[in-house]
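By letter and in written order, the chains are A, B, C and D; residue numbering begins at 1 in each of them.
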Amino acid sequence: MFEGVPLQWFLVTGTIMFFVGIYGFLVRKNLITILMSIELILNSVNINFVAFNKILYPGHLEGMFFTIFVIAVAAAETSVAIAIIINIYRRIVNIDVEKMNEMKY
Amino acid sequence: MTTNQLMFVIFSAVIIIFSILTVTSRRILRAATYLLFVLVATAGLYFLLQFNFLAAIQLTLYVGGIVVLIIFSILLTSHLGDKLEAPGWKKTVPALFVAVFGAVMCTITILQYNFPMEVITGSDRTKIREISYSLVSTEKFGYALPFEVISILLLASMIGAIILAKKRKD
Amino acid sequence: MSFLTLFIIIPLLTIVGILLCKNHLQVKWVAVVGMSLQLITAIVLILVFLAERRAGNMAEVLFVQDNIWYETLNIHFYIGVDGVSVAMIGLTALVVFAGIFASWDIVDLPREFFTSLILLASGVFGFFISLDLFTMFLFYELAVIPMYLLIGIWGSGPRHYSAMKLTLMLMGGSALILLGMVGLYVNSAPGGGPLTFNLIQISKIHISIESQRFLFPFLFVGFGVLGALFPFHTWSPDGHASAPTAVSMLHAGVLMKLGGYGCYRVAVFLLPEAAHQMGWIFLILATIGVIYGAFGALWQKDLKYINAYSSVSHCSLVLFAILMFNQTALTGAIIQMISHGIMTALFFALIGMIYGRTHTRYINEMGGLMKVMPFLAVAYVIAGLASLGLPGFSGFVAEMTIFVGAFQNADVFHRVCTIIAASSIVVTAVYILRVIGILLLGKIRNPAYELITDAKWHDKISVVALIFGITLIGLAPLWLSDMISQGLGPIMQKLLAAAPILN
Amino acid sequence: MIDFSFTALILLIPLFMFVVLGLFGNRFKPLVSGIAGTTGLFVMWVLSLITAYMYFFVLEKAVDGTFQKFLAVNMRWLTLTDKLHIDMGVLLDPISVMMLIVITTVSFMANLYSIGYMKGEKGYMRFFSFLSLFSFSMLGLVVATNIFQMYIFWELVGVSSYLLIGFYYTKDAAVAASKKAFIVTRFADLGFLIGILMLSYLTGTFDFITLTGPDSPAFTSGQGVWFLGLSTMTWSMIFIFMGGAGKSAMFPLHIWLPDAMEGPTPVSALIHAATMVVAGVYLVARLFPIYVSTPVALDVVMYVGAFSSIFAAIIACTQYDIKRVLAYSTMSQIGMMMFALGISGYGGHEGLGYMASMFHLFNHAFFKALLFLGAGAIIHSVHTNYMNEMGGLWKHLPITHITFLIACLAIAGIPPLSGFFSKDEILAAGLEKSTFLYLVMMIVSGLTAFYMFRLYFSIFWGKQTQYEHTPHEAPKTMTIPLLFLAVGALLTGLIPFSNFVTSDRLPFVAHLEIWVAIPAVLIALVGMVIATLFYRKENNLPEKVFLALGGFSKAAYHKFYIDELYLFITKKIIFNYISRPIAWFDRHIVDGTMNGISFVTNEISFRIRKFQSGQLQQYALVFVSGALFLALIFIYLWTN
């Protein structure tokens, strides 16, 4: 039932999404936007998994399961991250990543 | 151009455009909304690939869970009217360089590689039953152990999040 | 088990005792008891050693003890003494003993202070008794490191800067030493067989001249840093100026001697041919150091700086004498180490006591102290006279032995160096008398000083012990010089054997 | 053979007194310590008289008729090399025995005198302990068996001189003078040390008996040309003479002596007139056979002696501080002794100069000590050092006056007082060597008579001065030494000196050279007459002459600006242009380099630590670029 879209298309989309996420991670200052960039990165990886699974190994389900686990881990990560962010916000009333350098040197 | 191709182009265009908007938008709530679009489009891709269950999870967990969580935290920590300050060129230029360079390099690599182009035939919409069996099976291609691990991780992160976010008494 | 081990055990037991003490007074008394015991052991060692020698025991080293420590690398705990190390041990015990009394008034953290001080002392003792290069290095480090704490915590003035400078420079020196020692180790078995750190064994083999030439600068400069070799001496003025009294005493009195001793025992002894070949470079540096230190002292106004520069001058004289490569000069070098050790310890003790009373070390701010503190002033004059080489004190014996020995070298270069170095005695006289004149004689310039009290009992013990040391050597030097001179037999054989190879 | 080992006691008694008085002096009453010190010296004095008697009259002479030269006591003190070792001991020969008498006598007299003079001074026992130390070191110097022992005691003498000059340590002038004395002589001692090093290297011995014996290694080794046209041995002897010149205040190392008069007067009498300052003469005499073998060095001795002699005599005529006049006079007289040694040859009549020099040393000790002690008595009673504040003292101080007059006559060379005889011998020896130097010495004699009587008349006659307190005669402890020394000054000239002390220890008979004696006495009388005209009554003649001589007399009054020259060299050049730059160099260049190294290290590490900025995004950037870079390498660049 599925035909016509080459694997490369998926991969290129995933790549672009991944590097956009990287870019966001590198330039954004607000911790929450950084978190969102991470979500982008994770999603791009998920797309790759799924595409590989479907097109190269049609009879298997590993790609899908990986994706499920990634989503679960992402959920866990997000919840902890947001807890930390809120905590930080409480302390220094700011969630700018550049201000968070107390532990340098 | 087949329907599949058309659908793919639409979804991937949405993903790319809104990803870029997500990381460049200076209003944080809008960024979150753009992220929402990206995630929904990703779910669309999953549908396209006939992973309906996965797409459903994507929609419920990501879109319904994580993004809502993010929006809540935005509401808690930011003033909605504020614009984020634009990052300086000292940050954007190297980051842009790295990102573009990486993207170009990876794309070239991908396009140069010859993947075996099998044409998928037959009906293989994945059965939910099949998924749930392998999720708890201990046989080959069974995922009982990761499943348990992830459960514990989720539990741990839940507790951790509560403890972290709890108001200190001091 | 040789009774030399006592020299390490007693300090360690003393430290344990100090840590068990309840109050400050107990701490001091435990330290006093421990170090008096150490002094007595040292005196016994000297007597026993002399008796053994008289009885005809002419072994190269006596009281040997050899335990395997780390078998894989053939590291031993190998200790033993010859005439030279016995003399150095006597010096150390005396200075540490006096140092304890000189730091009687310490108020901050006396427990920690005395612990570090005695730890340092045990490092020095260990250094002098060990005959295994590795053990030697270990003790060397043990002696150098507490110095950082002692200056950094109990010092005065820019103490952090000085402590850091001193430690870094000495550590730089010990890095060189480590390299040199490992080099010796690697070269220690030219004919195959297990490599060794054993100093006596290494001295018996012939290391190839190329390796010698490579290793000699490392070892000589490495130890030279501690022995105030020009131009690596600058840690000395700053370090001494900032250090608390007992630390200055120990540092100038004993620790700087590790440098001279190391140059003699390791660099020159094990690498005689390279020493002959490259000695002239260091001889020039040492000669410069002698004169330069003396002139440097002339201009200073801070008592400790004066003494530190004077130490540079005197310690350079030690290196100068070592590089003359003959028995008389070497004997002189060792006597000079001992003499300068006691003398400079006395100086620093007195400076500490004077500072404790007047709260300044600038000579221009003081004057006429002879009237108010006759005991300390007379002791200072004695120390000064000893320092400028007055007969009857040890400095004279040392300097004259060095000069006569150095002048036995037939060539013009060595003799010109000798004459230049000898002219330092005039400059020394000038700066010593300048200080005495300004500091002690004349009228009291600051009326506040009218009320100063003279030395207390513990000050007196410290000062008298040291003065006794310098006069003992000064009046009856024969036993000491004979004892040292006998100990120099092996090195002289090596040096004499090395000379013809080159010619 | 008589056992002379008791002579060691002569050394040990003052040492013992020094230790006891120095350590426990505070426990005694002042007077007790004075008496104890003096008693010790008295015993010592008696012992040395016994030694001298036994040596000259009881001990049989050697086979060739010379006085024996032997070690009475000897013990090893320090071994230096196989050949070189320092011994401590007592060497007896005519000159050392003679010096024993001189030193113990003057020491004893000065000690006795000090009991009265120093009464009530603070640090009474300190004074006596230092005096004992001085006696010990001086005696050790003269009986030294080897040149190194001599050097050791030489230094000790220097330090006791330092301690005694600076006795009034609260007086800045005294402190400065003591420092100056020590440093100048120390500088000279450096020469001495270098000389010793060279000599011992060449000959392989320190021992005096070997060195000065008939087959001394010094006559053969080191006589070749080595440096600047002179033999090594000559250089070493010149260096040794430098040491002697420093101690004996020869030009140009004399500058410390006048300042040394800041010390208590008995000290000036003992150390800076009679004993220590003649150590240089003694040193040259001790090594005389070697000096004879190096004529150039001996000529140096002669010229330095002659020049110092006339130089000091001229300055002495212009000074007003009586102790300084005496100091310059001492310098002048010692110059004469040096000169006499310098013109002497070895053996028999050739050695007349040597004998004369020793004779003069002996006589000079008595009359110069007498002059100083007399000056002390005067200062004690009028409380000033300046002769222009004195006058008409003869009736107040009768004993001092008489003894002072005797001493003046003796030093001026009026027969039959002691100075006449020795000076006559010196002039006779000088005439044989060179007429020019003989004339110089004649002028010195005249000047000597002039300035001594200038001093005498200014103090005891001249103007009638009103004093705050009527001056009164000194106490007995002070006058007895004066009288004793006056007797000495009267009689010592009559000793047939050439029977005892000669260059080769072989007695010979010296005649009074009448044709030398008459002009010498005449010129002395001329000097006295001029002094009488000038100073007997108060008048303005001296001032006129002073002005007539213009710049010369002014320069002489300022001691020919030698002090200023030294000050310029030491303060300006050594301190400012050597020491200060070295201190600066050390702080800024040497230490600066070290600090520079640490600074660079620090700076680099500072830069490096910037990487560890705590900025998450920087880390991520580096991480991602690194990963990409590696990917690039492994995928494209490393493809083999």
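Following the convention adopted for this analysis, a residue touches a chain if its C-beta (ideal position, glycine included) is under 8 Å from a C-beta of that chain, and two chains touch if they have at least 3 such contacts.
None of the values given here were measured: they were computed from a predicted structure.
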- Check: interface with higher C-beta contact count, C-D vs A-D, is C-D
- Query: Approximately how many whole Å separate the CA-defined centres of chain A and chain C?
  - Reply: 67
- Query: Which integer distance in Å separates the CA centroid of chain C from that of chain D?
  - Reply: 36
- chain A-chain D separation of Cα centroids, rounded to whole Å: 98
- Task: Take the average of all CA coordinates in chain B, do the same for chain C, and state the distance between these two points in whole angstrom.
- Result: 73
- Message: Residues touching two or more other chains, restricted to chain A: which are they?
- Response: 22, 26-27
- Query: What are the residue numbers in chain B that touch two or more other chains?
  - Reply: 91, 94-95, 98, 102
- All pairs of touching chains, each written as two labels joined by a dash: A-B, A-D, B-D, C-D
- Task: Please name which positions on chain D make contact with chain B in the complex.
- Result: 617, 621, 624-625, 628, 631-632, 635
- Message: Quick check on the complex: what are the chain D residues that touch chain C?
- Response: 76-81, 84, 86, 148, 151-153, 155-156, 159, 162, 166, 169-172, 175-176, 179, 182-183, 186-187, 189-190, 193-194, 197-198, 200-201, 574-575, 578-580, 582-583, 586, 590-591, 593-595, 598
- Note on the structure: The answer for chain B against chain A in the complex is residues 2, 4-5, 8, 12, 15-16, 19-20, 22-23, 28, 31-32, 35, 38-39, 42, 45-46, 48-51, 53-54, 57-58, 61-62, 65-66, 69-70, 72-74, 76-78, 84-85, 87, 91-92, 94-96, 98-100, 102-103, 106-107, 110-111, 115-120, 123-126, 130-131, 134-135, 141, 143, 146, 150, 153-154, 156-158, 160-162, 164-165, 167
- Query: Residues of chain D touching chain A in their complex?
  - Reply: 609, 612-617, 620-621, 624
- Within their complex, chain A touches chain D through residues 22, 25-27, 97-98, 100-105
